[in-house]
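As written, the chains take the letters A, B, C and D, and residue 1 is the first residue of each chain.
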Amino acid sequence: MVQLGANRYGKAEVRVVHVARGAGLDGGDVIKDWNVSSALSGDLSATHLTGDNANVLTTDTQKNTAYAFAKTLGGAAVEAYALALAKHYVDSQEPITRARIGVQEYGWTPIPVGEHAFARTGQYTRTTRVVHDAEAGTSVVSGLEGLTVLKTTGSEFRGFPDDRYTTLAETADRILATEVSARWRFRDTDVDWAVAHARALDALLTAFAATHSRSLQQTVYAIGERILAAVPQACEVRLALPNKHHFLVDLEPFGLSNDNEVYYAADRPYGLIEGTVLADDAGDPGIAWD
Amino acid sequence: MVQLGANRYGKAEVRVVHVARGAGLDGGDVIKDWNVSSALSGDLSATHLTGDNANVLTTDTQKNTAYAFAKTLGGAAVEAYALALAKHYVDSQEPITRARIGVQEYGWTPIPVGEHAFARTGQYTRTTRVVHDAEAGTSVVSGLEGLTVLKTTGSEFRGFPDDRYTTLAETADRILATEVSARWRFRDTDVDWAVAHARALDALLTAFAATHSRSLQQTVYAIGERILAAVPQACEVRLALPNKHHFLVDLEPFGLSNDNEVYYAADRPYGLIEGTVLADDAGDPGIAWD
Amino acid sequence: MVQLGANRYGKAEVRVVHVARGAGLDGGDVIKDWNVSSALSGDLSATHLTGDNANVLTTDTQKNTAYAFAKTLGGAAVEAYALALAKHYVDSQEPITRARIGVQEYGWTPIPVGEHAFARTGQYTRTTRVVHDAEAGTSVVSGLEGLTVLKTTGSEFRGFPDDRYTTLAETADRILATEVSARWRFRDTDVDWAVAHARALDALLTAFAATHSRSLQQTVYAIGERILAAVPQACEVRLALPNKHHFLVDLEPFGLSNDNEVYYAADRPYGLIEGTVLADDAGDPGIAWD
Amino acid sequence: MVQLGANRYGKAEVRVVHVARGAGLDGGDVIKDWNVSSALSGDLSATHLTGDNANVLTTDTQKNTAYAFAKTLGGAAVEAYALALAKHYVDSQEPITRARIGVQEYGWTPIPVGEHAFARTGQYTRTTRVVHDAEAGTSVVSGLEGLTVLKTTGSEFRGFPDDRYTTLAETADRILATEVSARWRFRDTDVDWAVAHARALDALLTAFAATHSRSLQQTVYAIGERILAAVPQACEVRLALPNKHHFLVDLEPFGLSNDNEVYYAADRPYGLIEGTVLADDAGDPGIAWD
């Protein structure tokens, strides 16, 4: 005999763009460009077992709701929007006991001609994920992804074990490059989201640049530590840093030296370093990361 | 004060191709085409805190090991290869207490001219993920991803709640299409992996085709149920089924009828249904899905 | 002073799915799954110079037209559908003197349970591109893309020049793998499109498998030659074959031999071989490839 | 009987990263991050017809050459690097009569902590394509791709024809968004490449922002015209602008107004506008765009 286990359903990748006309500091417009996903859980056995959909608020309705909420909250921080949306589902749909809202935000920068033109920045995507549960409460995890950074020096990798399959040479000076995926969990929701994001980003870039790196793990820890110091409302940082290998090209066969000048940027395989840094007084994450 | 939390590191996406020459039933070659990722955990505080890498078996070594193990196990099932690799790391590296090996396998079919030419099938990717832990033991989760299936009829969606934001009409006959991502957890490792894979695939396709679907959730459950029946060595199935919406095009403005003939295949947003089906006697998954 | 040069506009990637119910040989349904793009040219100076759109049949209308034509031709060969669509624009819109219709067709195969379920094949995408010009007439170029093929032996690469930058070793036995992008130009439109496609595909696979390859260029030529022999209505074949390098892994450092067993499948960079094979009596292509 | 037609071969996507240490204005490093592709043509019948590779400078050698030339020219403009590489092949390999070098350049911006850390800008990719032919001479086409821009107002679309399949409503105020792909052909090679690029980019952004757009075609022309005015060394501009549709969401069913605030950003299908703007005295492009 079998039974239904954990499940959830929702609408993924609702593309919401909001224009706040004249809301900029200089009187220009402000754009928000979001990719919104919702996932609901609760008393959903019937639809799985018999196809009775009486408890299934449709994913089409979730799409509509994402747009409707953008009417009033489209100009807010992604966290505020996601919080409102998550609570709405749990509060208004009796069978739904948990809602998870994820938002990716793409950045735009004004083109300094007129007040209405913008270029997509492309440097990274800001993210948030809110989980609201009728019993367990509310959690907010924010972050960013797709931020590619590189150090031309100040990175070494030495002192590692040498087993039967080890051929790598030690290096005292290498390029270190990674595409940062970082998320930080907030202690509660009493946060100035824009300030928290700006501080975390600044801490991340500073830690990457300022850390003399003996391993990418050391950089992971340094980034996490510095984000927690800069954003006291956050209590846990999770990082996934692929090591975007840059190999020095051997130019000797061509009669040329290569004094750390010419590199081959490799695609695959890549190292992948995943780590967590926690405040000593961090509470249990519960459902925050699910 | 902060501390290091959960962490792991490894080499991702090592592209291993193995040719077993003359090993086919007909005397032709057999190809295995794998994308291998390893992630190790254990006593790794030093590299995070001080950059001391004495415990860090390098990701380059992990790449080498993936290739070396393919010498003897490149012709085996992905599960057998992954099991051997996972145990190797924990058994041979004292500080490493857990290894997770993931493999994606791309299928090839012989071209019936000569005995040495093949075409990539492209229909789906077979997957496995093995976790071996010095204390918690060994788990195997296998599956497939990228299998797109569609039913031209035999799918309805009715009886859902109607809230303030609901505009969707009920339908008694729609196209149902999804790109299946399915994984099943084995009870132990005493399994004929090839047979299990074939049975699970067959059960999945049969369930999708044979279930009169009142919701995609119902199809999720039917697939899970049927896989567990077909593969008794499995005790848990997890499915993620995006609803690849096919909307009937309104041809009336052009003076044409559309009797369920012409559809628009939408990209985003999409419904996403995630569900678990468990055998009643399934053991605790522990670290299997981490 | 500047002037307007060549231009065209249209709707790209209209996703049309057509179900011909009960039209299969066995009474089952037949699916066509298309990605349709149209591009129109003609007297379009006004919209460029002044924004006067009197001659601009909107791209939204082109989308609608793609769906409307699928009502009657959705079950036909992509070439027949594209021909009808191309002629429609030039015949019905006076300012439009040229139309190019491109279609990608994704394959589906029945699931042998019931008569209404299908799985996407994924092996390759069938393509066509029709150009219809009021003066220059009509051309059809069909083909396929995304077909990945591999030979485990029967491929060598030797006798190449050795310049200052050459380090490659000669090889008498290598894996040859490529992702075929092939297109063939028809002499006219009096063609059984399904038969022509099947013959070209068979010729392509046979040529790849049967040719002892001393260079990928030789394989390019062999494929083109064999397609022209198999499809006499075609007079020109253009091929783009990336060399998907498979490098033998050096296992010696690990005390292992590698007798053409274990390979590393590389991503980038890749060789790219592009070639044309023409019938001696091929007419001038004119606008066919534009 | 069949014959060999146009053909070329080369190495695609060689990932070259060059670090000029201490070469920045402020004493910091300067990074160049390139994706280099070469394609050679000439007397290549033998390899196609018989597999005789005596004239085939290997694609592996082309990869090596791309790296070797980066030793001295890795800090130069992409155009200067590509010119040197193209000439090298034609000058040094007697059978090779034409070389085409394409380079994509990814931008990096210093992180203002230390002098050695950078973040990838991600806003657009700079491109160049140099063709050098022993007889036809040398051409340079530069440009950019992936630059996404948006106007919140100042765009209308009206006055288009209304045929049987037209359902689109006219609009006097819409969002206009596109991902710019632009290329400009230089009259000769006596150019300050960095200045030309900066001027073209500025002209492009200014034209997009400043043009009151009655159609995307009008914007295409305005961009081309302004680039030619800003970069007199260029004589031809080719643009491909997908219309990234932003549709106003109908919030009325939810009792909400939508005063040009909330939009749905669509993926497919999309309009695609391609146009050319030429200086009146532009020379024949010859092989420049091949």
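The working rule: a residue touches a chain if its C-beta (ideal position, glycine included) is under 8 Å from a C-beta of that chain, and two chains touch if they have at least 3 such contacts.
These numbers come from a predicted model, not from an experiment.
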Interchain contact steps from chain B to chain D (minimum; 1 if touching): 1
Neighbouring chains common to chain A and chain B, by label: C, D
Identity of the chain that, by mean CA position, is farthest from chain B: D
Chain pair with more C-beta contacts, A-D versus C-D: C-D
Inter-chain centre distance, chain A versus chain C - centres from mean C-alpha coordinates, in Å: 38
Inter-centroid spacing, chain D versus chain A (mean Cα positions, whole Å): 30
Centroid spacing, where centroids are CA-atom means, of chain C and chain D in whole angstrom: 24
Residue numbers of chain B (touch at least two other chains): 15, 64, 68, 165, 167, 253-254, 267-268
Complex interface listing, chain B residues touching chain C: 15-21, 29, 31, 33, 64, 67-68, 70-71, 74, 108, 111, 113-114, 116-124, 146-154, 175, 205-206, 208-210, 246, 249, 251, 253-254, 256-258, 260-267
Residues of chain D that touch chain B when the two form their complex: 164-165, 167, 253-255, 267-268
Complex contacts: residues of chain D adjacent to chain C: 1-15, 37, 39, 44, 47-61, 63-65, 68, 92-93, 157-161, 163, 165-168, 213-218, 220-221, 224-225, 228, 236, 242-243, 268-280
